[in-house]
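Below you'll find a set of structures to go through.
Presented sequentially are two complexes of subunit A, the first with subunit B as partner and the second with subunit C.
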Partner chain A sequence: MPLNIIVCIKWVPNTQIVNIDPNTGTLIREGVPSIINPHDLNAVEMALRLKEKYGGVVTAVSMAPMSAKTGLEFVIGMGVDRAILVSDRVFAGADTLATSYTLSKVIEKLRPFDILIFGQETIDSSTAHIGAQTASWLRVPYLYYVVDVEYINGVVRATRRLEKKIEVYELPTPCLLAVAMKSNEPRPVKLSHKLRAKMENVIEVWTNNEVGLKRECIGLRGSPTVVEKCIVTPSVPRKKQRFDGQDVREAVKWLVDRLIEDEGLKII
Partner chain B sequence: MSSTAICPEWDPINKDEWRGVWVFIETLEGEVNEASLQLLNPGRVIADKINTELVGVIVGHNVKQMLKEPIYYGADKVIYVEDSRLSIYTPEIFAETLIALIRRYKPEILLAAGTLRGREMIPYVANVLKAGITADCTDFDVDVKTRDLIMIRPPFGATLLAHIRAPNRRPQISTVRPNVFRLPERDPSRRGEIIEERVDIPEPRIKLISSQDIRVEEIPIEKAEIIISGGRGIGSPEGFKMLEELAGLLNGVVAGSRKAVDAGWISHERQVGQTGKSVKASLYVAVGISGAAQHLFGIREAMTVVAVNNDPEAPIFENADYGIVADYREAIPALIEEINKRRSKAR
Partner chain C sequence: MSYLSNTKFDVIIVGAGPAGSTAAYTLAKNGLRVVVLERGRTAGSKTLYGGRVYSKPLEEVYENFRKEAPIERWVKKERFSFMSNGELLTLEYSSTDSTSFTAYLSRLASWMAQKAEEAGAVIVTDIRVDDLYLEDGVVKGVRCGDEVLRSNVVVDAEGVNRLILERFGMVPKLEKRQVALGLKQVIRLDASKIEGRLGLAAGEGLAWLIVGEATGYLPGGSFLYTNSSTISLGLVVFLEEAYQNINQHVFNILEDLKQKQSIKEVIADGVVIEYGAHLTPEMGLGMSPKKMYGDGLLIVGDAAGLLLNLGYTIRGVDFAAYSGYLAAKTILKAHSMGSYNSESLSFYQKLLEESFIMKEMKKHKKITKLMRSNEMFTIYPGILLDTVKKLFEIEYSSPTILQALRNSIKGKTSLLKLLWNIFRTFF
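Right, the complex of A and B next:
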């Protein structure tokens, strides 16, 4: 039986190049391009390896604005077979509960599926919620921090890494795995694959017409949490003394003196 | 349908039935997790403000000898489930056990440590209950009138802190990274009620096949006294060797910013900051690190902060005790030499 694998990817602002307005303390978002959440590329890689080993179809799902099409083209370039862009204004403002609800309803429509693959967390919100929450909506067993996966006699065997342990678990299908950051180094895009992305129906756009969810379950209204306000982070008071001069040797002497005499550190 | 209709997937709740502040106490590997105990600190403050009890919740197998610890650290009560079916952790089974207790007692707030396992199981707990959850909170407040927990966390790209509430749902759930709060004073003379509960534990759908300890040679950064931390300014893995040499000399460890982790110069376990670790070192040396808010968050509890950066405008200087404006490739070898020189003199 070929595997039906679904991988969820998020389209995120490139936080590497986001800058903060020094006057207002707010983000300068203008001109900041979005990228696929880097940790989700590791998830795509794991999905593709599974497909290569055991046969099957990989579908990528992303809930995002239309601009995420570029990201989906990219993963098709890596070898993903089909992509679904879930995009509708009514989904906007969702917290993790409403986001996972919407994703799970989309995934429901892709049944029967065998393995759902998620990234470990996103670089913009870093909650690591969506995997566990989607598993809960779909009532499928799940595991985080997975570095390697095999599929033997209809059973998923997942190896995961915790800080001081390597664990191997068996899960029935369907199940959900979140891929450990930095594991499963993503492959480069192949031009021949990428050309497929331009073909019709490889990237489908689903609005809420296709998904059919109640307004009170999605977006802002389907979100139990609300952001009330944002305040500037108070900073920890520090001494802010700086060595005054150019000579590096003098500077390090000054530093060692300060650390020993003023801070009482026993470094010598 | 009125615009205030709630999603039919959510059980309606009566907020007034939900009382008490719970801290989920992780007890895996046969000991009480310190990060969980740290949460009795904010938990105590919140419970006192809204005049309710603070409860430590333990679920697991062979937990009996640990039951008093939460009370020593400030809980009024401990509720626990002792069950051999919990001898092996799987996220679902632990989550379902906790959910059963929450349904029985209806606490208004649940705090849990954002350990690897906490981050895995707590969002599932929240989802089953359709509760509002926030990850990686850095502070809390509480609205005494509405009993809403104000969950404070740095949002995306933050020098800002977002204040988040879940006004219509209970419990209100937050995870907190280790070391964000200090461990409360342990007072073994404190007394409190200890209640055993039994719950239906479902058959696990997933099975642990093997578990192997990996030897971790390095001191974890959250325990280190001296940390030499490198950022993108280090520029290469060879540069990190220089930092290691200094760290070795001072009996310290090496850590890094997220950009250093992204570049692959250092492992994620050694990342300092909001999405990495908080450290409590007595000396933190930031080398080639600009001092972004998310990074600074991780060094709030560091005693002395030193910055080495070749850009005099780098924000790290405003957030350090001592600063040297220099190229680290000159400053670090000079520092190593200076320390060696003084040591040989002292001998």
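Right, the complex of A and C next:
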């Protein structure tokens, strides 16, 4: 039986560019290009390796605005077979509960599935909730920080690396794996795959018409989390001083002097 | 090697800069099957320039260009300054009309790509082309990794760092003396501050070029362009001279410039939101391939060396886009004749020669030479400022202009040489 693998990816604002509104404490997303959550590319890579090794189909799912099509085209370019963009105004404003609920309902429609693969966490919220919550909604076992996976005699054998040890688990299918960030090298896009994404209109868009969820369970209305307050740490203005010499020792001395004289650093 | 056999395009274009996208737009609009392959994440994500584009050639190619293009400000004010010891001598021209605008190249290039896409071209990003693909010595497509995509003709629009053409043996490896290094920062600033500080009416733009101390007295120039609510500030230095004379990182030169009173005032409380660097061709026709076409191949834009740096202005984007347009016209003709050999594609060279691009490049051939004469950047700014200082800073008696000039030149160069240099540049 070929594996049915589902990989979830999030379309996030590039937080390296994003600024924070000093008054409201929220991200200023306007005009900031979005990208695939970088850690989710590790999830895609793991899914594709599984497919290559054991045969199967990889489906990517993302709940996001329509602009995420670009991101799904990218993962199809990497080799993903099918892509579903869950996109509808009624899904907007979701916290992790509503997000995981919606994703789990979408995934249920893709039964029978074998392995669900998630990123470890996102760069814009980094709760690392979604994998665990989705698994709970679906009542499947899950494992986080996975670096490697094999599929032997119908059993998923997953390795995860913790600070001081390496653990190997066996899980039945279906199960959910959250991939450790940076645990593999995501492959580049291939021309033939990317052309297919571009020319064959392969991305399926699912609105709530397709998913059919109650309004009070999704989007802003289905989100009990309330952000009460955000405190922005003030940025320290640069002094624009520069050391112009060549000698490293002099540079270090200059730097230390500056820190002692100007910043009140004490050496004890 | 795997051949992508189920898809065949009439034309493959390498690079979605202004040159590539304009070629794609023109071809797709006329019904050809075109694909653009771009290594960047989006069209325009890998390009960088100073900040101002001449509009007319683009208006000829794109319908409704003035209305639809992502234009920031129309340039109504031009400044050219010599800077020495923190002092400025500035020539300023205010115009009622304007023939150029400021824009972000990333946005302009992505707008062009979008136009091409709407016209029916396929734009594929995240794809790097590694090589041209040949059959019997004729270009028949491109190689990307272990895949080959075929077409009747390939348009090389890969920009100044033309590695594909180098590998193909069409051009020698780039030399330092052929290129300049540009770097710039985009600084966010309220529109009202930009306008107030630079004496602009609402929505008006300024283009400002500065030589001398502004580049650390290196051959090249610094630039300041106004966008709607940002300022583009940067510099271009000839790579060879910079390589020989600089003992610090070039970005320090830009940081120094930002500390100069005249610039500091303009950018005060602005926030740097972007910085980048890029090469630019500087040899004029000296770095163009001998032929800009081959069997199944056309070369456009920076890759073909089509750029003019006049010191007080740079023309790259309009040249690139228009050369893409001419390449497209050539391909349309070749397509109707059913032949893509170098003979039918040589029509491109003819169109180029007849166009403003080659006329401009030939007319200003000498400027490249002058741009490299160190005096222009090391000695003249000082002499000029010294002369002006003597004229305007009067204590008791005031000198005549000639006296002031003679005095300032003393020991640095001869008056005759100075006048001759000015003469041979501009006439």
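One rule holds in what follows: the second predicted complex is superposed on the first by the 215 of 268 C-alpha atoms of A that agree within 3 Å, B and C clash if a C-alpha of one lies under 4 Å from a C-alpha of the other, contacts with A are read in each partner's own complex, and residues count from 1 in each chain.
Convention: contacts are C-beta pairs under 8 Å (C-beta built on N, C-alpha and C of every residue); 3 or more make two chains touch, one makes a residue touch a chain.
Keep in mind it's a predicted model, so treat the numbers as computed, not measured.
When the two structures are aligned on the shared chain, A:Gly77 is found in touch with subunit C, with no touch to subunit B. When subunit B and subunit C are set side by side, the one touching more residues of subunit A is B. With both structures placed on the common chain, the touch criterion links A:Lys253 to subunit B but leaves subunit C unconnected. Once chain A of one complex is fitted onto chain A of the other, the partner contacts of A:Pro224 are limited to subunit B, with no touch recorded for subunit C. In the superposition on chain A, contact of A:Asn209 is made with neither subunit B nor subunit C. Applying the stated contact rule after C-alpha superposition, one finds that A:Lys240 touches each of subunit B and subunit C. Contact with neither subunit B nor subunit C is seen for A:Asn201 once the two complexes are overlaid on the shared chain.
Using the contact criterion defined above for the overlaid structures, shared-chain residue A:Ala132 touches subunit B, although it does not reach subunit C. Look at A:Ser192: by the touch rule set out above, it reaches subunit C but stays clear of subunit B. Contacts of subunit A with subunit B, set against its contacts with subunit C after fitting on chain A, overlap at residues 240, 242. Listed in rising order, the residues of subunit C touching subunit A in the complex are 2, 4, 7, 35, 37, 41-42, 122-127, 144-145, 147, 149, 247-248, 252, 255, 259.
The residues of subunit A lying in touch with subunit C in their complex are 33, 35, 70, 74, 77, 188-192, 194-195, 198-199, 240, 242, 244, 246.
Note for the complex: subunit A touches subunit B at residues 13, 15-16, 18, 20, 25-27, 38, 95-97, 100-101, 121, 124-133, 135-137, 141-145, 157, 161-172, 175, 181-182, 214, 216-217, 221-233, 235-236, 238-243, 248-249, 251-253, 255-256, 258-259, 263, 265, 267-268.
The residues of subunit B lying in touch with subunit A in their complex are 1, 5-9, 90-92, 116-117, 119-124, 126-128, 130-136, 150-151, 154-169, 205-214, 216, 220, 226, 250, 259, 262, 268-269, 274-275, 282-283, 293, 296-297, 299-300, 303-306, 317-326, 330-331, 334-335, 337-339, 342-343, 346.
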